[in-house]
Every structure is written in structure tokens, then in C-alpha cells.
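What follows is a pair of complexes built around chain A, which joins chain B in one and chain C in the other.
What follows is the complex of A and B.
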């Protein structure tokens, strides 16, 4: 299928220049400046002082090591937990309904520190299970040390890894069953069929878990852990200002680690990509409404997460909850005050993330178009380099922005750039871009060239063709792309903590983080968190309803999440 | 190289022009931007009241730990800074004053607020910052938590170093929280540098965790996650008067400080800033402080006359009497950043090791009380001296040097930090070896 082609070269060139300028100004140059700041002094002389300090400071080396270990640990734990369950589901031929499959992507749209706070309420000494089982010992996650971050992030990202595994293996579960029925051992099938099939999904899920854990600032801070790279960089910036060379070094270290992790996963995912595409499109067996092994498994997982989040849910409806297993009294006052006092935060979220998502979709469309029409060599290069954007941690990007845009004033408004909310949506948009491009790719491909040619032959103007055929064909895909980019930005607490200019302009996730820290605001923060999760779930249900309405639903979502999948 | 940097800097401006129209959230001229480290309840109460009372201005807040305000303002050119700084950190204000980042605002004063409360000077001498409330510092605890474990309520800072509190205390870091800094500094001045650090390290060794923000301390105590910790009075009272089973005691030696509000030099909206300051000092602004979720001590005496507070609400006279007379703000200011840096290197970043060693020390000492052993005793004392000691002398030139914000100075500090970190690791390793030996000796007697 050929996509709708733009013929005017002026339009093309303008787009290309704008695109290049955007990538240059908001990605390449800030990172170049970051490197320059780390290795030169005020006069531009090369220095090695910061490097010396970094490598002679036991704490920084330890943080570097810890960050890698914790992130890898989280990815491994999530994978170890997901594999047997995915296999059981595969063996039981359970294909979860689309909505459940989508809920597997909730971790991308909910910040993990909420889980950390919920578990503190649930397992801490003062409330919940922790209070009840106190004589058995301390269970507060704040006292586990570094493993707590790995465990919490693993629990948080487990559904994602599981769903990716299910998606990449599901197509062959029927055949596997057939093979098993003629006497092939399931153990053999697991090793020879399930594992190789699942590898791309697993690799991608683990890479996401690794990158997100490395980049997470709020979760370690909520657990009182500081000997990781992200909190160290955050402390350096807030104590010494953005021009501090050591924070630049830490940002660079984080970029390097992420890039290496990303490369490793690419090597892992790449094999088998070609086999992987086709079966995804073939009709899939589905769970048939009855409670089988697979249904039980999924139910148990759902119940587990309900328990995990019960800390936040209970806090949101508790009036006073102090040193008792359950709250003393309940009320919905926190929801009222959340809705009353945080309308601004909701508005900010819609503004920042909406702007970022619109930008993402626009740029994603242009880039996807460019990739589609590029010569073969370039296409691969472009695809992978865009996907590698995933490996720029939010903290590193925020530090780079603070250094690069410092002292610059916004024309027309005459405000310093970093005192406006200007940088935040741009950082969000850079971070959302890889997701946007995957989505837009599929959107473009959904516009069949034959329809357009037919319309043009029958004498319709370009405008009519665009309005009556191209837009309607793309609309749903664009909405999905927008929602994905929006959600990915909305949880990006690490950039928000560094780039938000004032509390009144904070997006909702940062607002929750701030609320959670005061004695009387905890309930409001929890209520906000519950509202956000409910909102995301409702949005997903809405998308599913829309997708159902359109038959051609499932493939786009599935492919959006596997960047690097080449289609022909 | 410089040219390249300039070129790099010019590019975004060009790009910004093209995008400004769609991207910039509008800052109307009427916005007053207040930098403050206060919790959300206080800020949103004042925002609601001020926005309602003023037709010209509307206030917005930038949440900022008081410890970082100087570097934040210096990063911004005049004319693009926030308008008002509002904080309970006297050191923060002194630093701002010294860097010329404040301007006098005599016209914002409320004549009914006295210049002195007890021995406390309410306003800065030249009105560069004005007292808006009074804060005292002390220990907050969860009554149910302590009762359930049979732990007595503490009364002094030394109490917190006792073995029965091990693992039940929560505190923040002076580098992240200006109230914690004030508590740490008042201990350093009240007990002397060396003895002060020793006490602080012992208390820190008894902590269950070191939180990122000071508000997390009263929060986790109120919920009963931890038992007790050092806090500023109003955070404890706001929990208490909101119905949580918590209590508070002013600990000695302690400073009582005015919460101040000051107009920033190079503000974007100077008149608006003055208007907001006037509002916080007015009868209405002072009365807001008495709300249960805020529970601060106003500086306007007439507000106390109205009998709308809980019976045991602290009395102004009683609080101001416990003022530490020897507290020297200029000493505190000159070593402001270093105290935070030392604490972070010795405690925050090594907290789990420190807590484990403290636990060992408590355990072995308990054994030794039952079965004395001279050699084991000596080893424990040696271990204590290694772990609970200040990393440098009070007259170190780094402490007395006025903190210049240059990259050279930062580099010097970073080098020293690395030294402390290495020495802390070494001391802890030696202490662990000593304690292992002591444990064997103590048990060998049995």
C-alpha cells in the first residue's frame, strides 16, 4: 500500500527545515552543551576537575553502580514474574480481552511513586497490614533499602512486560496446542517455541522497565533513598544550580547507561522481528468468557494490584488514620477538596501534556512520512535513531534544558524562558516522540492510496480528498497517538520536578507528589491519585469502545508499542 | 569556544519566536509570584483569601526549599525574579540580604505589630524583611505509637540519642530543609561544634529514615509510620488540631525565629509584591494563621485576644521565653551550605550504615551493662569516637569563607566532600571491626 504522497517540494522543504530546527534546538544542542559544560571551565578551557571529583567520590561511583543494579534488578524481577504467568496463559490459550490487554499499559500512564506511597500506607508500622502484623517484624518498604526500589518498580511495570509477552506469543498458542495434542512435550514447546517467540516482547518490556527505573526520581525519594544517580543529580542541581559540572556529568552518565541498555535490547529484539509481524495480524483465539486457568490467573493479578493500591484508596477516603490497621472514620471530603483546589493542576496537565501531544502528533506524522519516503538505508537509520530517543532520561534532558536555556528570555512576553512553562511541554514532546512516530506510522499506513487515487480520478480537489478521505481515515489513529503521548507526558514527574516554574503551574503528578508530603494533604493527594488512575482507565475504556466501533482495531495499538517493527 | 556557545544560545531564541505565540502560558501583569517553602495548605489558604480580597492582583507560588533560594535568584536576571520570598529560614533571609537580593519594604509594615516579642526582633533593622509569624522548634511524637511500644515521650534533643528511640525517629536533611537546618545549627551552637555534631550524628543514627522534604517528617509521624522527630511547631500543631494523635514539646536549646516575608530585589511585580506582604501582615492575613490546618503563631497580638483557638494552643509569651540568647545568625550563615554538605556526606548518603552501626553500639552497650568488660567497653568507646565525630574543626577555612558561588569554590567544596565521604567510609569500616571484636569479647564472658 502506498501512502498519500505530498508533491509540493516547497511544503516538503519547509517541513524538513522546521523539523530539523526542532530536533536541533530541543534535543541535539542542549545535549552538546551538557557535554561542553561537563568538560570545560568558564573560559572554555578543557578541564578534568569534575571528572576527577566524580571518579574519586565513593558516593558517585556507588550511585552509578546502584542505579545500574537497581534498574537491571527491576527489569529482571518483572521478567521472572511475567514469564511463568505468560506461559500458563499461553498454554491455556487465554487471550485477554482488549481492555485487559490495554490495562497492561497502565504502568506507562501512572507514576510508580504512587505504588511506593500506597505500600508505605499498607505495610508501614502505622497503618494497614504492617500495623496488624507488627509483631512479626517491620515490613515498611522504606526500610528495605535499595531492593525496595527494584521490587516496587518491578511490581509497577510487571503488567506491561506480561502483556508484551502475551502479545508476542499469542498468535501461536493454538498451533502449540495442536502440536502438544500430537504428543510434543510442553517443556520442549516452552523452550523451542514460547521463548523465542516471546523474546522481542520481553526484551522491549525489560528495556522500558530498565530505562524508566533509571530515570525515576520520585520513587527513591519517597523511600528516603539517595544513593542513586537520579536523586544525586537532582540534589546537585538544586544545591549548586544548573551550571554545576558534576550534575552535567551525572546526566551524561545516565544517557550513556540508557543508550547501552537500549542497544542491548535492540540486539535482543531484532532477531525474530520478521517472523513476528505476520502472526500478529492473523485472527486470534480469545478467552471464551468462562473461568479457566487463564481467567483465574488474570483475576489473581487484578486482586493483587487492588491490594497494592488499597493503601492509596483507603487514605483517600480516611479522615484520621493513625496507628490503626484501618482508618477510624471515613469521608469523601478529600475528593471534594481535590476537585476544588486542584482544578488548576488538571488545567496545567491538559495544557502542558496536550500541547506536547499535539506537537508530537504533528512532528510524528511528518517524520513518519519522511521515514516512509526515505531511501532504504536512511529509513533504517532514521527509525532506530528515533527509537533511541527513548534512551534520553527525563532528568538528563531537564538538566540539559536548564543549562542551555538559562538566561534566555522569551520574546514578546519578555520573560526568562525557564520561568515560563515553555520548556516543560517541549521536554515532554521530545520524550513522547518515539511513541508518536510509531503511532503515526500506522496511521499513515491506514490511508490506502487506492481510495485517494480513485477520488482524484473522479475529479475531486486535493482539499476535498484531504477532508473527506485522508482525515477520516486517520482520525482514530491520531486520537490514539495523541492519548499515548499525553499519558506518557503526564507521568513524567522527573522533568516536571526540575522544570516546573511555579507550584500553581505544576501538572497533576507533581501536585500529587507535593500533596503527599504534608500531614493534612495526604488524603487530598491520595484522592487525586485515585482520580488520575480512574481517569486513565476510563480513557482506555473509551478508546476500546471506539476501537470496537471500528473493526480494524487491534493491530495499531499492538504495533505502536514495538518500535522498530518494520512493515512492508 | 565562546562564540560557539553564543551561537548555541542564540538559536533557541530564534526558534522561540516562532513558537512563543502558541506555547507561552500567559503571565498577566497582575500576577504576584511568591517563592516559599510552605506546605500547600498554607499557600492555598492565602491564595484564596488574597485573590478574593484584591481586585488588581492574583498570587502564584513557586515551591522552593529555603536552602536553595540564593542560587535560584542569582540564576535569574533582575526583572525576571519572583516578587516575594516567604519563609521561616532566617539564614535564607540573611543570605539574600547580603547578596543584595532584597529591597526595603517599610510601607508594607502593619503598625500594630510590635517591633519586639520578648527578646525576638520581629523585623529586620532596615525593614528588608518583616516578621509575619513566630516559629519554635522541638520534638513531635505520635502518642499511640509511643504508648504501644512503652516508649516515654522525649523532652530534649539529648533524649533522642537514647537507645530506646533507635529506629523510631524520622528527620530531614539540613541541605534540603531550612527548618532542619535551623534545628541542627541551634544544636551546634548550643552544645558547641564538636559535641553538637556528636549529638546530631547519634540522633541521626537512631533515625529510621532521612526524608527528602521536611514535611514528610510530621506527615509520617502523624500517620504512625514512625514515632517521633524534630519539627517546626506549626507542622505538629496542624496535625494535632486536625485530630491526629500527636503531641509536641519545645526542646532546649532552641531558637525561636520569626517567619519572615521580604520583597525581592529585581522583582517582576514590585507593587503587587508589596500588596501581598501587606495582606499577610493585616488582621485578616494574621487570622488565617490560626486555622487548624495551619496552626502558626501570629505576630499581631490582637489576634490572640479573640477566643477562637483550642484551649491548649501555645501562648505567645510562653513560646518567646524559650529563646536561645546566644544564637549567632552570622555564624550560621557563613557555614550554611557546609553544614548541609557535611550532614549529607556523613548521614544522608550513608544512613543505612550509620543506623546499623548505631544499633550494634546500643546492643553491645546493653550487654555490657549486664556483664561489664573493660576491653569491650574500650572498643565500643573507640568505635563511637570514630563514627560520632565532626569531620573537621570549627575553624576550618572552608567554614568561615563567605560562600562565593563560583565554579572554583564549588569545585573546592566537591573535593572536600569526596574526602569526607572517603573518610566516613573508612571510619565506618574501622568501627564495624571494633564492634565485631567488642561483641565477641562481651559474649565471651558469658
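What follows is the complex of A and C.
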């Protein structure tokens, strides 16, 4: 027994050291290097030149201001749109089916620039609809300037905010709903009951929208807008190289803004992380077969998004489409071309995102286990620290990587590390870690200690217990965790644009972006975009089908997508 | 099965600063069904986990068959356990759940035979290919029991297995467990927070309060002669009347209370100590009579007034104001007899031999 205890302790310590080393090398040190690069020169002396330049240059100040306003605007617009709809659904006691609820999380797995390009195809000056709408004004999103970014991001993230609100307000029983509703004026009900219940979901949804908008590089670029922090930082790195102190300063500014926004969201809900996650996980029986107002609302939202994305869908099947409301002729040639020419991009995506997701699940499991077994005060600190990873923008992390790993050579390949594709999956994995830990936390929760203890009583070896009890019980959760991490990485275009060594080594999201930048490639790009959205939708449907196949498995998936403190 | 005697000797278990178990000692005879009874948080589950080897005690030791055993979980301990949540593996069928417990060299046929016999004995043979989520509460409980028994353990540990089960099913499950335990003669330790569970099937009961064993005895002795107010409260005594005990004559005790006045009764043995005391009486040991009726000399009497009455079907529970306190009284309900209305002055009497006096 003693030797086993010692061996177990050694394994745990080794894991802890490896974990600490991973976080240190791929998160802490690059960020520290980023800060140092922004405030020191080559000799290590403190300088204030970059700060002076940043705060005296009108373009940079404008970009800073624009980034904050656009991100806040997107979050606010999404919230304003989501609140009345969520209230109507709540009043109508309509809880969407699980699949629809999961589709609310699609914005996390589809890049927003696809919506931008779709709306441009649909409403742009070259489209028939755009021409027709000219009499009411120019509807081309590319001509609205910064508000178009806020509107597109708001439309993109609206389903996420809505679903979080729905899940948040659904966190209590039917009887409580009835008690709250009977004889109460709807305004009073909205302010005194609905809003406090929905605040956790609303705060989290707005924070995600803010952070993602601030970090989004491709959407402003697809609209031809560069007076935002992300595009400015990207251009500085592209023009002056990774060691440019001004780009470091911009990256730090983005991290600070994100951190403040994240903190503000927590202050807004006035609850700890665990507290606001709890209502999201409360099981409420899904009301089936009662459509009415709620069903109509959901149908209208679905139709709206179908129209929004019809630009991409139509472009993907259009042979010729110019100055007409609909394409003149149709063909699947773009799909054939996409599948034929982008095999490498698909393979790259599977490599980068698969590698990142495997790493995330492994690290997520270890960290979730550590958090679960930590003393209370450490548990809270660890939970907060991991959650705060969300406030490290992808572009800031990518710049930090380029600075930190510049000059390092990959041992076996004898190549500069930043010239290989290895940095990208590592950046993906760090970005996906908060999601992975949450998912793995739920995976572990689905295997309570008593299940393992019961198996140990049989006298079976630990390997047998792991193989026959633990792994089968965790399998589905691990698959979902993998898919979440894979999806989150697959849309991380900001990291890809900076860390991909060449276009041939780009993941699919970058390929779509590149195709969409050229007039001739739009068809193929759109076909790729439709394929990606279809893939994500099929994956989600598949997961739901799997869960339905296993009785009583629906609550765990909701908890995995929105994990928390639910006990078995 | 070859049953086992178990001795728990001075077990101390601490988690953080406050000890959860303090110097816990008791013995369980071979083939005995021993219940550990206590309220939530009293440390009874921790005690079971220590015995099972799932938790390491800070000090003390456990001996089985006279020999000290390693306190860590090991395959050679011959222990079976049924967890409170039952913990049936959801991805396995009933047969697989039970068969998982068979280790060592055993042919497929032997495994099949052993599991089938056990499922037959527990009357769940028809569920062998079902998954746990398709079973009823009672069937799941039996599967958990079968899984714990399949390895032919010499000690069976049950962690509140009837918790969260509705009353009717609970009674049936208790009965089934007792029958199986008797048939196999296996030493069993049952941890429960439910008085009825412990009293109805255990050979002996230990009452644990705040990590200390307050009393060990037969179910009837625990119920009739609780050793402390804490145990008395836990076994259903509701009335604790403060007062002072004085010895009047050799075999007569006088209890003076500002609330109920002076009461005298004779005691043959176990005369309570003089001084401040608590007189404890069960609600059903008290009788209510109209104030103008004959006062039976076998009882001690005091006057009061009914404050509330609750009709509970089999009995009516009254709250009677006596002096400055409320006394709880349970009276059997008889057909056609309405509860005595609130505000009625009554005589409350009790047989002093049914009362217990604790130092106050």
C-alpha cells in the first residue's frame, strides 16, 4: 500500500509540474515578455517612447476608443434585442428543445466575418436586393462604417445572449413561475423577477460578446475598416515585425480592456462564478408541444438567421449572380472546387484544432480534478484564474507568442519555431482551456467518487476500474469536451492570421477568409463557409442524438455546454 | 459465508481542525446486524468509510477476527458495501454490474452461475439484461446489494441504503435485507439517520452524536432507556421539563419544577442524582383527562390547558400549556371521538416509571 501511495504521489507531482510548466511557458512568460517588450528597449532600459507615440497618435487613440465603443455597442445591442424576446419566451413558458438551445451556441463555433460577407453579398451594391433597397438608402454594410461592425457582431452573438438568458431564467420550478406570474403586472414581473433571474446569463453573454468583438480581426477587415485596435496591431506586426513595441502596447491594452470588461460583467451580476453558474444548470422540464407565442418567436429568429446567411448560401451555389435579387443560374461547382482545392486546409484544421483539443481535454481533466480536490479558498482562486483566461484576446496571445518564441528552433526539425505550425495549436489550446476545464469539470462530476469506490471494492486493478468503469462513463463527456475545444479553436481566425507560417498551412477559417477577399474566390469561400456551418450543425445534432440514445442524458450535455456545480 | 467479528478501537478521524470522530470504539459480533444511528453530520458515514478503508483514521485501529487490518482499502479485506446513492454503473446491465464484483480465477460458467443464483435469491432475475435507469427504486437497491454480496464478503457495509425511498418500499426493503442477512449470516453494519430503520432490523444499535458514540444497546434498550438528553431527543422524546431532584425517603424521589409543581414517585433502582435535572417524557407516555376526573394514584398529575391540537389520523397531538412551558401529548384516536378543543383545561398524567431524569 505504501509503495502505491508513494507512486501515486509521484505521478500527481509530475502532472502538477508539467501542468505548471505548460501554463508558464505558453501563457505567463509570453505575456510577461509582451509587457517587457512594450516598455523596454533592446538593452533592457525602461522607455516611454511607445506610450508617447500611442497616446499622441490620433489614429491609435481613435482605434482604442473605437474598439471599446464598438465592442460595448455590440454587447448592448445583442442584450437589448435578446431581453424582450427572452421575456416573451419566459412569459409563454417556452423552453426551446435541446437542439435549438445548442444552436444558440453556434456563434462560438462560427466566425462572425461569415455573417459580414453574407450580408454584403445580400445587401451590397452589386446585389439586386441592394439595388432595390437603394431608394431607402444605401444598405451595403461595407459602407456604414464602424456601426456595421457593432451590428454584425450583435446579430452574430445575439443567439448566444438569448440562450444564456433563457437558461438563466429557466432555473426554477414551474410552481415558482406560476407564483411569480399570478396577478402581477408584466412590468413589475420583468423588473422584479425576470431581470434578476436573467442577470447572470445576460452578464456572461454580454461579456463574451464584448471580448469576442474586441478580439475580432476578420470582420472589420472584411468591411474594409482598420481604425480598431485588433487590425492596427495586426498591421503593425505585419509591417514592423513581432518585436514592434507599439503592437505589444496595443496587445496589452486589449488584455486590460478585456480584463476590465470581464470584471465588470462579474460585478454586474454581483455574484461569484459558482453562484451565477448554478441557475444555468438547474434542470427544468422542457415544455414540449406547446408552440404559441414562444414557438413563433423562435421560428421568426430562425427565419431571420436563414435570411442573414442566405447571402453565403446563395453565393455558394450561384454560377452567375450580379445585380439580381437571386442568382441567375445555380451550380455545385463551388463545392466541388472547395472540396478539391482545400483538402490541405481541412487536414490542417483537423491537425491544429485536433491537437489543441486533445491537449485541452488532457489538461482540462487534470486541472478540473485539481480544482475539485483543492481546499475551498484555492478552489475559488483557481476557478477565477482559469475563467480570466477568457480575457486574453487571441491577437494579443499571438503577438506574445511571436515575440517569446522568436529565434527558438524546433529541436528535431531544426527549424525556427515560429516558421512551423506548432505555435498555432498551442495558442488554440491556451484559448480553449477555460472551455475545456468547464467541460471536463462536468465530465468528472458525471463520475462521482462513490462509483469508483464501488468498483474498487471488487478488488479489481486500478487499470480495470479505469478501463471498464471510469472511461466508459466519461467517454461521451470527453467527446463533447473535445468537440467544444475543437470548435472554439476552429473559429480563432485572429491567432491563425498571425501564427500560420504560410497560406498552404492555413486552417479552414483562414482559407475562407482568403477566398472571400477575392471576387473570384467568393463562391468557393462561401461553399467552404456553408460546409463548416453544416459540419458544426451536424456535430451538434449528432451529439444530441447520442444523448437521446442514452436515456436521461440530456441534463449532462446542458451542463457540459454550460457547466457548473450540479451534483450527481 | 464465513462471517467475521469486527472490533473498532479508539478511532479518531479529523478533517481540518475539528475531529469528526472522537475515540470511537465498539465491537460487532460475527453474523450480527449492527446499526449506527445518528443525525446528519454526526460522523456516521465517516465511520463507515473508515471501516471500509475508504478513509484513513488519524488514530486507532480496526481488527477483524482479532487481527488488526490495514486501514487502507485492499482487495483482501472481504468487504462489500452498498452506497447511499447505490452507485450502479449506468453503462452496464444488471448482470454486468453484479458480475464485475467477481475477481480471481472464475470461469464464465461459474460467474454466470453465481450471479444468477444471487439474482434469483434477491428476486431480480428478470431484470438481468436491463440497465439501472430502467429499474425501479427497489430493484436498484437489490442490484446494489447483489453487487456487494457477489464477492462473498465477510463484512457487509450499508450506507443509508433506504434514504430517499418512500415509506412503503422502505419497509419492504428493510424486510428483504433482514431476510438475506439472516440467511447468509453475514456480519453487517448499517448506517442510517432513520430511527425506524435502525430499531426495526438491527440486533444492536449505536447512537452517534457529534462524532461520539453516546450509547450502544439493543433497539428496545436504546428506545426505553436513552443514556443522555441527546440520545433521548434522537429517539423521539420531545418533552424535557427542567426542575430539581431531591431524595425524600429511601425509595422516593421528589421532582420540583416551577412549571408543573412537585411530583413524587418511588424508584426501586437507578435513583437519579439530586440537583438540577431534566425530566424527559415521551408524548405518548402522557395522558389527558378532564380536570374533574379521578386521579389514578399510579400516575403523577399536573394541570394544564390545551393550546393546539393536530389530528394525525392514528393519534392526535396536543400542545398543552403547563406553567410557562408547552408539553407535547399524543393520544390515540378512537372512532367518533373528536379532538379535545383548544382552550380546554385538562389534567395531564404519566406513569413515573416511563419518565427518565437526566442531570440538568
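Criterion: the second predicted complex is superposed on the first by the 515 of 568 C-alpha atoms of A that agree within 3 Å, B and C clash if a C-alpha of one lies under 4 Å from a C-alpha of the other, contacts with A are read in each partner's own complex, and residues count from 1 in each chain.
Criterion: a residue touches a chain if its C-beta (ideal position, glycine included) is under 8 Å from a C-beta of that chain, and two chains touch if they have at least 3 such contacts.
Every value quoted in this text rests on a predicted model; they were computed, and no experiment measured them.
J.: Which partner, chain B or chain C, is in contact with more residues of chain A?
T.: Chain A has more residues touched by B than by the other partner.
J.: Determine, under the contact definition given at the top, whether A:541 touches first (chain B), second (chain C), both, or neither.
T.: A:541 sits against neither chain B nor chain C.
J.: In the overlay, answer first, second, both or neither for which of chain B and chain C A:472 touches.
T.: Second partner only, chain C.
J.: Considering only the touch criterion stated at the top, classify A:53 as touching first (chain B), second (chain C), both, or neither.
T.: Touch status of A:53: first partner only.
J.: In the overlaid three-chain picture, which partner chain does A:448 touch, first (chain B) or second (chain C), both, or neither?
T.: second
J.: Going by the contact rule at the top, pick out the chain A residues touching chain B in the complex.
T.: Interface residues on chain A, with respect to chain B: 21-22, 24-26, 29, 32-33, 36, 40-42, 44, 49-50, 53, 56-59, 120-121, 124-127, 131, 140, 142-143, 145, 221-222, 224, 226-227, 231, 235, 238-246, 319-324, 341, 351, 355, 404-413, 415-417, 419-422, 425-426, 501-505, 514-522.
J.: Could you pull out which chain C residues touch chain A in their complex?
T.: Listed in rising order, the residues of chain C that touch chain A are 52, 54, 70, 72-76, 79-81, 83-85, 87, 89-91, 100-104, 131, 133-134, 147-148, 151.
J.: Going by the contact rule at the top, pick out the chain B residues touching chain A in the complex.
T.: Checking each residue of chain B against chain A gives 1-2, 5, 8-9, 11-13, 15-17, 20-27, 33, 39-41, 43-44, 47, 60-63, 65, 67-68, 71-72, 74-77, 80, 142, 144-145, 148, 175-176, 208-213, 215-216, 218-220, 222-226, 235, 238-239, 242-246, 293, 337, 340, 344-345, 348-349, 351-352, 405, 407, 410-411, 414-415, 417-418, 421-422, 425.
J.: Where on chain A is chain C touching in the complex?
T.: That would be residues 1, 5, 448, 450-451, 453-460, 468-469, 472-473, 551-552, 568 of chain A.
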